[in-house]
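I've put the structures underneath this note.
Below are two complexes that have chain A in common, paired first with chain B and then with chain C.
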Partner chain A sequence: MTEWTILWEARETFINGLIGTLVLFVLSTLCAFVLGCLAVYRLEAGDRFSWVIRTLINLMRTLPFLILAYLLYYGLPQLGVRMDAWTAGFISLIIYHAAYFAEILRGSRLVMPAGLVEAALAHGFTPGRLFWRIILPQLVIKTRPLLGNQLIIALKDTAFLTIITVQELTAAANSAQSTYFIPTQAFVLVIILYWLISICLELALKWAGRFGAKRGFDYV
Partner chain B sequence: MNGQAWLLLLEGAWTTLWLCGIAISIGVVLGLGVALVRMAKIPFVDQILVLYISLARATPLVTFVLFLFLSAPMFGINMNRNTAAIVAMTLNTAAFNAEIWRAAFLSFSRDQREAALACGMTGGVFFRRIMLPQMITSSLPGLVNEMSFLIKGSPAIAVIGIVDLTRVTNRISAVTYEPLPPILCAALLYMLIISVLLKLQAMAEKKANRLAM
Partner chain C sequence: MSDSNAALAVSIKRMSKSFGDIEVLRDIDLEVKKGEVVSVLGSSGSGKSTMLRCINWLEVPDRGSIHIAGERIGVNEAAGRKMNNKELATLRAKTGMVFQGFNLWPHLTVIQNVMEAPIYVKGMAKDQARAIAEQLLEKVGMSERKDAYPFTLSGGQKQRVAIARALAMSPEVILFDEPTSALDPERVGEVLQVMKNLSSEGYTMIVVTHEMEFARAVSDQVVFLEKGLIIEKSAPDKFFSNPETERVRKFLELSN
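For the complex of A and B:
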């Protein structure tokens, strides 16, 4: 099979693409998670600013990811804010998924029993320490299946960035297929790579589930 | 943004809507079919379907659309852009829908089946008259949720050159040199479409809850 040997010769393109996707995915989800947690923390206050955050979160949930990337990459230069494709894609990934993470955590915060928080307040926890030490760890452990789902969605959303010319896995497959004319083999390889990454994520999720069960959080 | 630009935007919205509409309507039925076949547990076929669902759920729509559009001619299948987009979106959404239908199957109570058989219904009549109506009610919120996911994912079809609601903003800004207004208007249209679906989902949830399922 000569096409498959061509694939081996073009391995550098694919390895670079894979690294590009992984870097983009890991960095952006980490930042998005932190930003999402900060948003939920700010929502605790319940003032006008948290209303703004709520509106922003709901806004993001009704938008496709690509339109946000378009806004940052094609739209903002009109206002004089210019950035390269990678930065624009990275920032849009962070903003978009932070909104989803915040929404998942907020949903769990709403159904959290009030007694625990009151007990912590009675022990003299400040609002900041109360959130980071008591509330957030529980929210994260309880919502981990949903968070894991969102991670897989975030992985798939990185592929959209190929449209705004970010160098990642799908873009690598596209450039390899146009150079060597091996569309089937190139894309089969890339689909398998995406599949493997999401299988790893699912395994990590299962491992996290065991951790949660050990801490007595599973009552489903 | 003049009238011409708005007309182009609406045309893009229409392209997105009809392509997604076809993909959704085939995908829901196909998902039910896949779930039914999986429930029958036919050896070999079952493993293939598990593999298909796992792969389709892990593959980004962009990659899948490109794969279908570029590699179909290698197998002697001639697809135009719209067909490739519909096939890709259908196969993608059917995998998610199959899991939703299967969850409805698995949570269906056995006593109803026994009661229906005791009343003299055949398996087919039981499925059509008793099981399916309840399954539709209980899985409708999930299905509508998946529809809004598909519409959020549909800009992926722009990658093979279909002028959908996202891509059309490039066309407009190529004429006006002002990219911001068309993108914001496209975002507004997406918000409108997805808000309608979210509203439908809330209604479906209310109905499912009323039937206590």
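For the complex of A and C:
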């Protein structure tokens, strides 16, 4: 019983950790999604720069997330680029998951019926309007379960950042357990907190599912 | 841009197009006056779709010229270069296109499909676009389903919405590529009726079709394509009752 009271004593650590995780997750996935969309837009041109983007996406996907975070935080200072743990954490989350978002959308773009694009061109859409108004909304609706999945992976990846000393939820649990020697309770608590965030994501996904179903989009 | 050109909705001169080694269109000449309906007939693979798609530059012809309401498409003659995407889009906005497979945008409702291009291509205010869309949906008999999503519609309904979508841009010419070929037989009539109404309202249309009765009743010119060549081009009465070539005679026999 006393161990659980200790948790209550350490509540500030956990609340700060939770806020840290939420901020990391929300901001980085938003930026990653936008960056992923921009990458897919740039791929439409099909020129040399598109090829470069394609290669970067593939490279990023072969890299374990933790290695990327390590590289940015511990590797770059050797090259004279130094950033604090939060910045390194944000940047690694953003570019890593942007690559995955881009790959998900790109896959769906490949199988999109050409007629829908031609109809827009025939009505006078410029490539930019065509992408943002006609192509991208369909890709997003179509791939919503995969995008949702990626969000959950991104949430879990935020926990890795404890290793580069970002003060998020896992770091909070770690610090509480080593200060008060209550590993089980501390980690059970953060598991519950991660789980609650995941439930919110699942609810959002359910809503997205209905949104797509109403428009006749199957699940992928 | 000559004066004689200005009276023409579409003018095609010596247009040719190959895919690889295969010449799909050869020296196509066609003039379509404002308000005219031209039917394009021919067997499958004769180049009908390609001809239509060259008119709005969905396919790029290898040779020849195409003018839409007096303006050359694909080439910026003043600057002596190919048109850029923006110039191309501006000119494409003056042609409407109705596809065999409808190609309605599935993420948008019926009325949103019709409003989309006026708003995001022409920069029209939403209210005005909505008013126009409502009027056009009325015209094609789809007002009641204006808030439905395309996947809930029958083929005939989808095609009527696609026609309204094309009309919303007030095009100089509407290109129809076999608009009734993907429809259940009992749905063909409703789409043809809408098209007949358009022709009597003075819309300029180029229609690739296999509907002989429609072509005979509505067209001002009938064009017959064979292996990429226009082998016959005449008024519908002459075309259907007294064709010049043996090939067309046979085609008409087979399609009866």
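Here is the rule we go by: the second predicted complex is superposed on the first by the 218 of 220 C-alpha atoms of A that agree within 3 Å, B and C clash if a C-alpha of one lies under 4 Å from a C-alpha of the other, contacts with A are read in each partner's own complex, and residues count from 1 in each chain.
Just so we're on the same page, a contact is a pair of C-beta atoms (placed from the backbone, for glycine too) under 8 Å apart; a residue touches a chain by one contact, two chains touch by 3 or more.
In this text, all values refer to a predicted model and were calculated from it rather than measured experimentally.
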Practice task
Determine, under the contact definition given at the top, whether A:T62 touches first (chain B), second (chain C), both, or neither.
Solution key: first
Handout entry: Touched chain A residues, chain B compared with chain C
Key = B
Exercise for the section: Identify the partner contact of A:R215: answer first if only chain B is touched, second if only chain C is, both if each is, neither if none is. Expected result: second
Exercise for the section: Check the residue A:A173 against both partner chains and state whether it touches chain B (first), chain C (second), both, or neither. Expected result: first
Exercise for the section: Answer with first, second, both or neither: which of chain B and chain C does A:G124 touch in the superposed model? Expected result: second
Exercise for the section: Examine A:R82 and indicate which partner it touches, taking first as chain B and second as chain C; both and neither are also allowed. Expected result: neither
Practice task
Return first, second, both or neither, reflecting whether A:K206 touches chain B, chain C, both chains, or no partner chain.
Solution key: neither
Exercise for the section: Check the residue A:W195 against both partner chains and state whether it touches chain B (first), chain C (second), both, or neither. Expected result: first
Handout entry: Touching residues on chain A, where the partner in the complex is chain C
Key = 113, 115-116, 118-127, 129, 133-134, 137-138, 141, 214-217
Completion exercise
Counting only contacts in the complex, chain A reaches chain B at residues 59, 61-67, 70-71, 74-79, 152, 155-160, 162-163, 169-170, 173-174, 177, 183-184, 187-188, 190-191, 194-195, 197-199
Exercise for the section: Note which residues of chain B are touching chain A in the complex, please. Expected result: 54-55, 57-64, 66-67, 70-71, 74-75, 151-156, 158-159, 166, 169-170, 173, 178-180, 183-184, 186-187, 190-191, 194-195, 198
Practice task
Note which residues of chain C are touching chain A in the complex, please.
Solution key: 56, 58, 85-86, 89-97, 99, 101, 103-107, 116-117, 120-122, 149-152, 162, 165-166, 169, 175
